[in-house]
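See structure below.
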Amino acid sequence: MEDETAPELDVVQWFNADTPLSLAALRGKVVVLHAFQMLCSGCVQSGLPQARKIAALFPPTQVAVIGLHSVFEHHEAMTPVSLAAFIHEYRLTFPIGVDRPSQTGPIPYTMQAYGFRGTPSLVLIDRQGRIRRHSFGAEDDMQVGAEIALLVAETGDPAAA
Amino acid sequence: MEDETAPELDVVQWFNADTPLSLAALRGKVVVLHAFQMLCSGCVQSGLPQARKIAALFPPTQVAVIGLHSVFEHHEAMTPVSLAAFIHEYRLTFPIGVDRPSQTGPIPYTMQAYGFRGTPSLVLIDRQGRIRRHSFGAEDDMQVGAEIALLVAETGDPAAA
Amino acid sequence: MEDETAPELDVVQWFNADTPLSLAALRGKVVVLHAFQMLCSGCVQSGLPQARKIAALFPPTQVAVIGLHSVFEHHEAMTPVSLAAFIHEYRLTFPIGVDRPSQTGPIPYTMQAYGFRGTPSLVLIDRQGRIRRHSFGAEDDMQVGAEIALLVAETGDPAAA
Amino acid sequence: MEDETAPELDVVQWFNADTPLSLAALRGKVVVLHAFQMLCSGCVQSGLPQARKIAALFPPTQVAVIGLHSVFEHHEAMTPVSLAAFIHEYRLTFPIGVDRPSQTGPIPYTMQAYGFRGTPSLVLIDRQGRIRRHSFGAEDDMQVGAEIALLVAETGDPAAA
């Protein structure tokens, strides 16, 4: 499969960020995009703790960890107001964006663009903005750490990756 | 310390229950009262899984497990609508009551009556309706299992306990 | 199934005990007999930590925890000399007896008498010396704690149990 | 600190290896050297499972995982005969060498050469045979995975590392 350019994030509100983030502006860094829902138990038990570990382990000058709140069910229960309390209670400090709700269906826009099958979903994006991993469900810490490190170690021509 | 009669529950809405529950009506059973907030990470990680294990281990004819959603912070984020989605996503099947909000402060009524210091709080109530354990924070499964079993084994005169 | 009297322990050497132990002398207490092998990974990961928790939770005047080293394989690798180092390294402080090796086969005598299917095996013996639980493999802490507590709560006529 | 060349292994017996291994012969691969004692509980609980995960995750053409049984206490309890049973029971499949016992003291030769402070100890050796990490105690899976991946990604001039 050919690596494809990661679709831009479509976010209506940011937490833990002074200004809106964009993948375009993060070009040159490895981006770890973690899509979750605050009431998804697999996200709470494994996905978000893993995202937090990544943010603590890799230097922010090299790796940007971004949470994406992609609500596709129980919309009335997972509003930005509830998310704000969740972020506070779970001590999440990396930037988290609220995926833009669709006007016509339950799936928010960024989730549609990436084709997430559910949450948690993990996307690794290289320095050139290409999707290098796209997975759904719990992931092993050692493997994810190794894959991110390999992306960090890459330089130069994206075609050579 | 003398054991005291457990204050009655003051609940505005029940989940997983066809009719409202009361401690008075449960007299004769051991009652395990687990107070939590849906966005309290200690509740999600240890308290609620423990309550679920208790409900699965002890026969409902002997032991009644009751969840109590005692919201004392982030009230706007932990409404009954959000709680309903939480209960669904975390597959909680034991009865859960919403502690009645106070009109004058953040602490709901049942929480005030019991003097909970926070969530998770665990209260064990014997067959005569007396509080026999009242604790705050994570509890050891083996110890809680042993204490409930001892209450189950008790019969007759509460003064002899 | 009728409860049966627990066979006496046939032990060639004791650790963590000033004098040899016997079930006969422990009549009146609940006895938790934990059969293990020092190189059995299931014993190291779940059985022995559980035995240690039981010994810490229940008062020794009520519950006696006894480890039984029932070696039925790799006999040359799990000698009493190796067991002594194992007990030291794993900080086991409850009494541990070495099951008497058979002269004619791999299965030691006490293991034969109880019919253990392997290790870890857990036997709960009531105050009257009767086997009340006999299980093989990892056991849940809450359930074991509850069962021991019920045996502790029993008094009087064993036939009434 | 300048990286130093890893001392050669001084091993009296190999398990899971058809022929004796040497660091010299492994030049060009990243080597993960995991020093342990079979009765060290920290090794059993975290170090050896981590070594097993590394061996499963990284291709053997790139990364060689080597266990080193460096016995510095309870020598009579951790003989090669006992180690053989341990390796079998814990299903360890990567090569494991027995560190050569000293004639004059408790510390075996390779342990002396590396200056291990105890077990578990982890050493990461790069493709040029230089020590790049040397640590004692439990290590985080994600961090270790990332460090090994970075060594795998290195090529060319060791001075540039």
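Chains: A, B, C and D, in written order; residue numbering restarts at 1 for each.
Following the convention adopted for this analysis, a residue touches a chain if its C-beta (ideal position, glycine included) is under 8 Å from a C-beta of that chain, and two chains touch if they have at least 3 such contacts.
Computed from a predicted structure; not experimentally measured.
Touching both chain B and chain C: give me those chains, sorted by label.
none
In how few steps can one go from chain B to chain D if every step must land on a touching chain?
Tracing touching chains, the least step count from chain B to chain D comes to 2.
Same residues or different residues: which describes how chain A and chain B meet, taking over half shared numbers as same?
Same: when the shared numbers are divided by all numbers used, the fraction is over half.
Going by residue numbers, if over half of the contact pairs line up, that's a repeat, so tell me which of A-D, C-D or A-B repeats B-C.
A-D
For chain C, which other chain has the most distant CA centre?
A
Could you work out how far chain A has to rotate to sit on chain D, using CA atoms and steps of 5 degrees?
The superposition gives an angle of 180 degrees.
Hey, how far is the Cα centre of chain C from the one of chain D, in Å?
Roughly 36 Å, centre to centre.
Between chain A and chain C, what is the gap in Å from one C-alpha centre to the other?
One centre to the other, that is 50 Å.
At least two partner chains per residue is the criterion; list those residues in chain A.
none
Which chains are in touch, pair by pair?
Every pair of chains in contact is listed here: A-B, A-D, B-C, C-D.
Could you list, by residue number, the parts of chain D that touch chain C in their complex?
Residue list for chain D touching chain C: 39-41, 44-45, 73-74, 76-78, 81-82, 84-86, 88-90.
Mind pulling up the chain B residues that touch chain C in the complex?
50, 53-54, 57-58, 140-150, 152-154
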